[in-house]
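Each in structure tokens, the structures are laid out below.
Shared chain: subunit A. Partners: subunit B in the first complex, subunit C in the second.
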Partner chain A sequence: MALFALGSLLLPLAGCWNQHELNKTFIVTGIALDQAEESGLLEVSLQIEKSEPESASSGSEGGQEKSSPTLVLKSVKSTMAQGIADINLRTSREVFIPHNQIMLFGTALAEEGMEQYMDMLLRDPESRMDVQMAIVDGKASDVLAADTGQELVSGTHLSNIINQQSQISTQYSTRITDFVRKLLSGSSSPVVPIVKLTKENEKESVSIEGMAVFVKDKLVGRLSNDEAQSYVWAMGDVKGGSFTAGSGDNLAVFLVDSLDCKRKVKKNGQSVRVEFEVDTVLRVSQIIGFTEVKFPDLIQKLTQTAQEEIKKKVEQTYESARGMGADIYDLGLSVYRKDPGEWESMKDQWGELFSKSELEVSVRAQIVDLGKSLLTIGMESASREGR
Partner chain B sequence: MRVDKEQISGVRFMFTIVLYLESSALLTGFLIPVTRHESWLTVLSGLIVSIPVIALFRAIMLMFPDMNLIQVLERVFGPVLGKVLGLSYIWWFLNLTSLNLRDLGDLTKIVILKDTPALVLMVLCIIVTSYAVRYGIKVVTWYSALFMTLGFAILAISVLLVMNQIRFENFLPVFSLPIKKYLHSTHMISTIPLGELMVIMMMTPNVRMSRKDATKYIFGGYFLGGATLLITIIRDIGVLGPTMGLFALPSLMTLRLVRLGEALSRMEILFAIALISQLAFKVMFLHYISVITIAQMFNVRDYKRISLVTGALVIAYGLTLYDNIVDHAVSAQVFAPVFWVIFEMLIPLIVFVTAKLRKLPEIRGT
Partner chain C sequence: MLFGFMKRKLRYLLSSSGQAGAGDDNKEKRAEQHMPPELSTSLDENVEALKNELSDGSDVKVHRFRFGPDLCYSGALVFIDGMTDSLFISEAILRPIVSWRTCDELPKARDIARTVSSDVICAGEVQLIASVSDCAASCLSGDAVFFADGCPEALQINAKGYEKRSVTEPASESVVRGPREGFTENLRTNTALLRRKIRSGRLRCESLTVGKRTQTHICLMYIDGIADKKVIETLKFRIKGLDVDSILESGYIEQYIEDAPLSPFSTVGYSEKPDVIAGRVLEGRVAVIIDGTPFVLTVPMLFVESFQTAEDYYSRPMYATMMRIVRYLAYIIAVFAPAIYISLTSFHHEMIPTTLLLTIAKAREGTPFPVFLETFIMVISFEILREGGIRLPRPVGQAISIVGALIMGDAAVSAGIVGAPVVITIAITAVASFLIPMQNESDTMLRLAMMALAAFAGFYGVAMGTFAILIHLATLTSFGAAYFDGFAWTRNLQDSIIRMPLWTMKRRPKHIAKGDTVRIKSFIPPLRPHAGESNRQAGDD
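Then we have the complex of A and B:
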């Protein structure tokens, strides 16, 4: 017992070196990296949640109003680590990174390559690998300074949006660990949500507008929201979301109960053939039109409409990815995992093989619920007139 | 002369073996640069390959049930060669203690106290372990059951909490590396930490158990402890995938990724405290082994007197062992697996063969 007491009392003493007093700490809730105006330099911005919203701070350079719950500290240096160290030197408190919610990168910076910024995030004992990443359409620091009106802190707001989307599919969010994992695969292309800041009538809002596509660590293109959705479908393990299918006057909105996709890669001589087998369970949320369809054929017609829509969307997104030369589907990785020997013979030409690959999509949809109504008003009217 | 006259039960002896291996789970990171995502295979093969080695330790313990390793060496090889070998074991045990103490300092610095000098952490740890060592084997192993259970609980809870992040694909492909890599990695795990279990031969006279119980407790402890090593590395590969090779402490990174909503996240500090406690137990146990080895060699009647001095030596040695964590990792991959074979396998094998040839009496189990 004495030993236990000695250990319990003595060992925590060493912690005195690492004391963090709350009133001497700036808790970071968001980090943004942008290309600085000066060539070759980096603008590091840290969003700090104020513990006392009205208090002024010695290090505030972000031009924040006093009433703002956050302040943005900035530094222009050649590296991220130097930038943070510089902010620490110039402020009255020490920045504390472990509670960071989001890591934002400006578009211009992402186009130059992101690998060097990953290193500090992986190396620093305080930074966490499960922090969400996002690319900002424009300047990343602007998002940190935004007042969205929904949450006090825009970093938390964004993180919440991405976390909510990741309930549908984990592919909607990219954590630092996910990005690094794709970089290390050698063939896969990371995909990161794009954040857009808009101002309307003095009101600011941030939203997710598609996904940024990388080849190695460089931003090469983007997927629209629709394309991002079909990318997520192709990756499988989807547990929600909705989409509209049909054409002209006949439209149906489907809720996705579950969606899975098996991806196969077959080498065919000097070319590659890719097969996506999508299997989904859907519920109907809304039907517009379809008045000419007879009730017994309704499910079949809706199923066919949904299948065609999914197929079309998946094919379009694949085409976009192929155009960018970005294997966002981990196809090369799946070849390596299945047959390392075959991958060895393909890996040097994988970019070219993927760009010239053929895709075959098969969709099997099952509609399990039409909701409370079996027919639309139009269908019911047509049915009565026919009678 | 027997240095420490106290005895512990066979069950507590088994808990000590389990905990020794459990607290070594952090060291599985050494394997990753060699066999990457297939390292779990080499942990498994290492566990199988090391069975004869553990059987060898058991056989020697049963041959000389009233003698610790230093006494056995003198009995088998005579006073001169026995003393020379005994001195080399003193160095090796001090080396092991220092390495683990340094690991404890590095781990604590990376996980919790990044600004605290490693020396302070090491000194505080040694003050506690010196205090325990003074009270003998009973006190040293007193908390083994508690910490072992804590270790199992941590492992089980952590596996459950990261279950949603374990990807089966991270284990593929299998058998994709040159055979040399598997052999290297298997050899590493066989020497660090499985072969290190030879330290139990210093405890022989301090354990109350029959011949039959010896098999049960030694192998029971070995397989339970080995299972924790295997499950730990499977968990880490499943969660971290190819990023595992980047980190000095992959297990810690896995625990940092635990996230079940806002409430169940950022809990690695709880796991880290438990892991540090386990490692502190290992240091305490090795400190005890070093002290009784020195006392046995130099006929020190009251081994308690040299507890603190040995601790000071361990700290000083630990600080000079290697310059940085990279040197430590390289040493664990290249130097240690080769050199440690001498202490863990070669000398025990020669002891066994020589004893058999000299027809040294097989004494009944205590």
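Then we have the complex of A and C:
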């Protein structure tokens, strides 16, 4: 009996005392970090889902202008942790971070270096590591305040857009853990989607406009949407997307069924040769022109066009990455994985080796489906005239 | 642990007081045996003494008459009006006696009762009795008592014929498939219903009488050679040790004989359906039939029994298994759903998907009370409504449920007193709790306890509470059988969470049946019809 009483005294020692009522918390759906106007300070913005009781919101629907469903709280402090603590003090409720959907960084901040902000996100037991990251073209807090009209909360909206893209390839999205992992690898450069806020007729919309390339933790350049696509191709395991190939009047739009790429790094004395072997299965979505082509040659012609286009794009993107000195393809990592000893010898001069590296791309495309019709209308009539 | 201690203490107190009571009773009985108020030879005295014993009630009827050749004898018939069948009394007792005119040799006055019993009346159950108290007891149980002048013995003639309910479909356990008859308030009807299910000479029926004032008849029924003798002995010991004023319902007996009187879990099973009781008796359990109630008790009871229904065995095994799993799930929901809701919304917001959390947060916005209080209010108001629905006459009960549904489901939510998710949680809890009527008492109690723990320490508290419940359940016993036995790997699992096909249940449950444990000796396997046919041909040869 005494043992039981003593034992029961131990139970409360296990903790779990952080009770918080749901209607006394602010659920954070997005965090934005920007450089403050005063130098050296940081502007922390938290997007909070305004939870109005359902009956009240349904009552005000008739004609009245709907207020924004979210609230953005800001604080200017020297560090992120202080900023969040400050917001916590100034608001009537407790800020609840674990449900954060997206982490946004302003461009100016990213150019300065992001390492110090990562620390709080990794250290804080409440924040989650699998939150999507994005760089905002301009001021990050503006995106949080945007009323997109698509989803109630723009934080959720953004993370949904990024998730949608990562259905095609996981490379499109970068979570905090991905970013940190690339930083820790020493050679790889993180690539983070860029979010752009556009305003048209007083209607705001956010979209993904290319990707930001980092060297170490500093933003050094950008990939356009097209470049981002070919970057994703080079990383392999693509399950969707489309591209246009061809020149002049002869154009074809291809849907990517699946695309894989083998990346090989070969050391050649003092220089490095990189080989990309792209293997893809395509379907044809639209054909314009190609009137002079006869049917038996069509698939071959299309395949060739697609292969050339893929090769060209991948090479271009590689070129711009090499120009930035950013190893976005995890090439250093693949050397290390293959032969750690060799990597030891290359490690120190990897930046130089990479910027002097040569690329060879080989593409093997396979068109499996022409769609419901085999030829275009133009092709049909051309062949009839020929007959 | 706490329960165990209290249980032991209480059992000690009960057993010591029971023994003391039994001792007193024996003394009284001995005193009665030494000086029983014997019947005299005077008719008037006997009738007066009996009337006295029955407090001269207005329903005590005394019919005096003269009979025999030349009307040389005078006699009287005493019975209680309403307890007897008047047609039977006039046709089978009075008519033969009064029309008895001839005999070869006139019997002596002191042998008249014997002669009447053997030669004259046409009743099936007649007994000679010699004491006033016996006469009173037989009158009270609905018999007629015949006195003759000059005879120191009386005749107890079974003329029971009180109003009783006919065999109807039980309201508490209705079935889609299966017999629709249910037990009634009449002991004999009930024993007959059970006998009709099990036509075996080994089905034994032992009668006991309990209750100083109510003199309630109790019948223990079991199959000799299957039921555990120890269980029967324990049961008899516990029932015979009772020296109580009254037994009005099976619940009285249940509370006096159960192993764990302070546990939220009932350790004595009950049913209103003869087929259910027959099934349990065939598994080696002992049925306790109590006069005056349609509910028949069975011991020992296992926890799994609460989740078994008669229909499980009448429907296909796959479906029965699925429904049984649903029932277990429903029990878990009934106990834990409000607690989990409280834990999630007041401790572990991280565990809710974001969209759901935002929805719940919207609903919670503006509600005045903490989650625990809100849920508690809803649980209590549900219990109030349920109690109201049960106790009130049916038309008023419907009004209650309409008002309740409107107030609870709609008005409270739109007024912002409680959030809609709470109403949903309580509603699913309530519906789930109806699936297991046998454990309704335990889940209502445990639900509140779990809610308190959840409000106090979140999932940690719920986990602690769950452990406490499991420890308690594992320590419970019911008449020698471990309460949780159905779940043990070493035991028969064919009939626990799953219900295997009947032909796999070749033996009776090991933990209950003793002696003849074989249920199926041989059968033609339904899965191999050809093998069966060849067997049959071999048998024909």
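Quick note on the criterion: the second predicted complex is superposed on the first by the 357 of 387 C-alpha atoms of A that agree within 3 Å, B and C clash if a C-alpha of one lies under 4 Å from a C-alpha of the other, contacts with A are read in each partner's own complex, and residues count from 1 in each chain.
FYI, contacts are C-beta pairs under 8 Å (C-beta built on N, C-alpha and C of every residue); 3 or more make two chains touch, one makes a residue touch a chain.
Quick caveat: nothing in here was measured; it's all calculated off a predicted structure.
Chemist: Let me test your reading of the model: by the given contact rule, A:Ser39 touches which partner, first (subunit B), second (subunit C), both or neither?
Modeler: neither
Chemist: Should A:Asp130 be classified as contacting the first partner (subunit B), the second (subunit C), both, or neither?
Modeler: Only subunit B; A:Asp130 stays clear of subunit C.
Chemist: Would you check which partner chain A:Leu184 touches, where first means subunit B only, second means subunit C only, and both and neither mean what they say?
Modeler: So A:Leu184 only meets subunit B here.
Chemist: Check whether A:Tyr336 is in contact with subunit B, with subunit C, with both or with neither, and answer first, second, both or neither.
Modeler: first
Chemist: Pick one for A:Glu49: touches subunit B only (first), subunit C only (second), both, or neither.
Modeler: Only subunit C; A:Glu49 stays clear of subunit B.
Chemist: Would you check which partner chain A:Pro98 touches, where first means subunit B only, second means subunit C only, and both and neither mean what they say?
Modeler: Both subunit B and subunit C are touched by A:Pro98.
Chemist: Using the superposition on chain A described above, determine whether A:Leu122 touches subunit B (first), subunit C (second), both, or neither.
Modeler: first
Chemist: Per the definitions at the top, what is the overlap between the subunit A residues touching subunit B and those touching subunit C?
Modeler: 4, 11, 14-15, 17-18, 98, 126
Chemist: Applying the document's contact rule, which stretches of subunit A touch subunit B when the two form their complex?
Modeler: Against subunit B, subunit A makes touches at 2-4, 6-7, 10-11, 13-15, 17-18, 98, 122, 125-126, 128-130, 177, 180-181, 184-185, 333-334, 336-340.
Chemist: Please give the residue numbers of subunit B that touch subunit A in the complex, ascending.
Modeler: Within the complex, subunit B touches subunit A at residues 108, 110-117, 120-121, 124-125, 127-128, 131-132, 135, 139, 142-143, 169, 172-173, 176, 240-243, 246-247, 253, 256-257, 259, 265-266, 280.
Chemist: Can you tell me which positions in subunit C touch subunit A when the two form their complex?
Modeler: Of all residues in subunit C, those touching subunit A are 1-2, 5, 345-347, 349-350, 354-355, 357-358, 360-367, 370-371, 414, 416, 420, 457-461, 464.
Chemist: For the complex, which residues does subunit A have touching subunit C?
Modeler: Touch residues, subunit A against subunit C: 1, 4, 11-12, 14-23, 25, 27, 29, 49, 51-56, 96, 98-99, 101, 126, 153, 156.
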